[in-house]
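Shown below is the structure under consideration.
Note that the chains take the letters A, B, C and D in the order they are written out, and that residue 1 is the start of every chain.
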Amino acid sequence: MATIVVEVMLKPEILDPQGNAVASALPRLGFTFAQSVRQGKRFEIIIEAEPTPEQLAEVEKAAEVLLSNPVIETYVVRVEK
Amino acid sequence: MATIVVEVMLKPEILDPQGNAVASALPRLGFTFAQSVRQGKRFEIIIEAEPTPEQLAEVEKAAEVLLSNPVIETYVVRVEK
Amino acid sequence: MRVGVITFPGTLDDRDAARAVNFGGGESVALWHADADLKNVDAVILPGGFSYGDYLRCGAISRFAPVMKLVIEAAEKGMPVLGICNGFQVLCESHLLPGALTRNSDLHFLCRDQEIEITNNTTAWTSSFAIGEKITIPLKNGEGSFQCDDQTLAALESEGRVIARYIGENPNGSRNLIAGISNARGNVVGLMPHPEHAIDPLTGPSAQGLGFFTSILNAMVK
Amino acid sequence: MSLDTVAAAKLTPENKQPFAELGLKPDEYARIKEILGRRPTSSELAMYSVMWSEHCSYKSSKVHLKQFGDKAPKSDALLVGIGENAGVVDVGQGYAVTFKIESHNHPSFVEPYQGAATGVGGIVRDILTMGARPIAVMDPLRFGPADAPDTRRVLPGIVAGVGGYGNCLGLPNIGGEVVFDQTYAGNPLVNALCVGVMKHSDIKLAKAAGAGNLVVLFGAKTGGDGIGGVSVLASETFGAGGSTKRPSVQVGDPFVEKILIECSLEIFAEDLVVGIQDLGGAGLSCATSELASGGSGGMKVALDKVPLRDPSLSPEEILMSESQERMCAIVEPNKLPRFLEICKKWDVTVTSIGEVTDGDRLEITWNGELIVDVPPRTVAHEGPVYNRPLAQPAYIDEVNSQAVNVPIPSSAGEIKAAVLKLAGAPNLADKSWVTSQYDKYVQGNTIQSQPDDSGMVRIDEKTHLGVAISTDANANWSYLNPYQGAKLALAEAARNIATAGARPLAVTNCLNFGSPEDPGVMWQFAESVRGLADGCLEMGLPVTGGNVSFYNQTGSVAILPTPVIGVLGVIQDVRTRMPMSFKTADLDLYLLGDTYADLAGSEWAFLHDQRTGQSPNADLAREMRLIELLLAGHETKLFSAAHDLSQGGLSAGLTEMVLRYCVGATITLSNVGIDLLSESPGRVVVAIEPYKFEALQELGLKFSTTVSKIGTTGGESLIINDCVISLDELRNEHTSTFPRLFG
């Protein structure tokens, strides 16, 4: 068993109200470390065995057509060690 | 500038309706690689400089009280290289 | 005049949309997401709701329903298609319309009576209105903020493809207060607020939504 | 752990069992052994422990709730009474309506969004189970102080959860309550009401009849979430340091529930089930034992056939799991193929897990080995019953004897300040911040919702038949006098129905209290039940069902006694409903009913930190005359508007009226301070065209109800004697509170 991770984030130019809400909630709770916050999605895909290059290509495709919307989002595919 | 990432996922025993929806949509599109899918959140926190241990401890605290609900979720804090 | 109303798993406003079609003088025809033909309809409505729970992204999973292949083909040939709320989201995800609908800027689901201005009356779905006509119909969604890149926005504006705009304070962060847009040909329209809930003052804020459902009759007569 | 079978239990009678950890008392454990003639298996122990919990067995409340049956008024409308998943009433034209309130208090404190969401999900399944299409929801809510930091966590989460689940199901939210008090700080109350409609012939019951019929489980797969959620979470008082027994809460999937609703309704329409039960608290333990207990025979279930989300679950855990969005049906074998077909259409997981037998035992096997062998009634319906000690708490005499001591405004400046203060008080302020997160339009049949006195939905588009529902509780009065408080809440809910022109027909309730092990709390509970039962008898309204939530307390501090009463009424033609306010100038405003110096338990007293004095006495005969007056006036189209007065008295009532359609009013009051602030029950403000005065006076005489002119409509201000408040100023005060507090 292995885990492939797909991370999907809004493009930098797209408004991120969720990230903004977190960024403004942090100082209210006394946390002052953040300059800004962006919020995105993380998919953990469990597959049977170590992924083959073909499988990874398939995941890339799925990330592009289903898991993200290229109009507003970008994605990264990683194999979790 | 540096980026701290907080990943929040539902605990394994907690139902993940979103992950399930993705898992059942994938094969309908001809993608057969996934045994199961879990969907979580990814926060990218931009800070001014390389994080200090104190800052990281603060982020941990924020992850616990604000970014996740420990009743149903777990979190991981990582420094993005 | 047969107007198909598609039900996806999780669609909610299908019966309301069908009722509105009939109120407007058309004949509503129920279509199911798994259908393999469009039952000879002259136009199609994708109603509001939470298809597939709105999981992943609103409309992202419905876009791949069998019936959508047929809708996309028919739309490209000029069949009038109206997407309301979740239907608008499906049309964007299907790339029949540009842009995307994202979380409301205040992060809350918002249900309220919203005044909008009709800014294009040449589409299949807006011909019953006058340009500049102001109507009040319900707005109800959690992800109704229309977003696109600057270039797309400029194109939509210069080609007059913004068909309705919110009046007053921006309810959800939509760019340029956009409430609805059309494709270049004017047969495909996406609208965030719900005209099907404004066909009778007894159950809605007004009857001013009816125009969308009478417009389509004009379109066919022509 | 090895499998604990019935055979093993017989061989190892002395095995130690963790009955106490599961919440069973030693005598309860002894009783189980006596019933079975041996020690229970661990699966049986799991079943008994969840089913005999306070939440499922009503062991502390049963002896009191009996009154709802004993004192039940004769009612031809009642089709299904207390005991089933929800009561059903006849509303005419062949339609039956089912409605019920349930609580999901503790889970909503732990995980506000999911707790509230699954609360809505649970009550909707109860309504569906009766064979009805759910048509609307309501959400009476109570929180700690509005400005407390934890309320900022709890309230937005709960509101988002109620909306997130209800909106996704396509159920309009047509009303509710938002009330703040210190005692709810660690115990927010999330009560959820659902109403559904069906034809008489479609009523379904939870019973497993007909040997050879199949036990069919459909909906979501069973997971490990919420194991013991209801029984442990709902019966464990939160200590100061937080509960150690906090199990994981359940996460709801409203999309699956929406599919389950449509799938079930299609199954019902083809008459494919003999009996049906939803899986709520106590999951499969509850569904199997209640179905078997409700039928005539026994039942055999192969537990290993249950589809699992988590394959590592033990049989005990499967029996206790409270995974959401599951249903259990009894199906004749020849109808199974069609049943499966419909499930396939909707992509719903479905499995036949057993069958009805002609025996009298509930037998459950795990891979062929018998792990449960019990008489189902002993699990489901014959749990322990307690006659808990009760005693009037000491505070009662103390607060009752203390007079209310609050400033009474008289100058124009004081009046203005008081009216504005009440308009912006969290308990009375505009609730749009909450309700705009709820879809009120979906289904296209909503006639009234927030901020109207009651919610109203049309149930027939051709005849315009409709139902109205209101939920009310006045915990301040219940605190001062629980017997009167329950009656007064009942009267208020009924009045809220009648102001729209609907005739009250039936009652549901959700009784939220502290620990039943505290004799003072038990007394509050007993008095409330007695008051509600007496009140229902007097008003001729049957109680059709309800819910009890105990252990709402933090340490030794209980919440205020909070019996939430829901009244459902019928209106023959929704197009004739009376609006809560006036849309034009030059109407005359009249007050129906009498005003006394009733400040005890009032919002004005609350704003001055006082909860003393004596609650008003409910005069239900007078309330009923007022209701008949309203209905008679509705019949003859006498009223242009009618609005109930309750919390905040005339001051709040006028504020709501002038702001509803932005038409002002000029009011003249003789005893202005008391007239504005008193909360005397049984009062309604009506607007009529001036020439209809005589007709109104006649009705007043006929129904022995005081009718006093208080003013006229019009203008852009609320003018009270010499005090002028512009509508803009009033609106600003009324609408800014929630956005300021919750963003």
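Following the convention adopted for this analysis, a residue touches a chain if its C-beta (ideal position, glycine included) is under 8 Å from a C-beta of that chain, and two chains touch if they have at least 3 such contacts.
Treat the numbers as computed from the prediction; the structure is a model and nothing was measured.
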item: B-D or C-D, whichever has more C-beta pairs in contact; value: C-D
item: Separation of subunit A from subunit D, taking each centre as the mean of its C-alpha atoms, in whole Å; value: 40
item: Subunit A and subunit B, separation of their C-alpha mean positions in angstrom; value: 9
item: CA centroid of subunit C to CA centroid of subunit D, Å; value: 36
item: Multi-partner residues of subunit A (at least 2 other chains); value: 66-67
item: Subunit D residues counted as touching two or more neighbouring chains; value: 253, 255-256, 347
item: Junction residues of subunit C, two or more chains touched; value: 52-53, 55-56, 61, 64
item: Contact pairs between chains, per stated definition; value: A-B, A-C, B-C, B-D, C-D
item: Contacting residues of subunit D [partner subunit C, same complex]; value: 160, 163-164, 167-170, 253-256, 258-259, 346-347, 432, 435-447, 458, 461, 574-575
item: Subunit D - residues contacting subunit B, complex; value: 110-111, 114, 220, 223-225, 246, 248-253, 255-256, 309-310, 323-324, 347
item: Contact set on subunit C toward subunit B in their complex; value: 52-53, 55-56, 61, 64
item: Contact footprint of subunit D on subunit B as seen in their complex; value: 10-11, 13-17, 20-21, 24, 69, 71-72
item: Subunit A partner contacts - residues on subunit B that touch it in the complex; value: 1, 4, 7, 9, 19, 22, 25-26, 29, 31, 33-48, 51, 55, 58-59, 61-62, 65-67
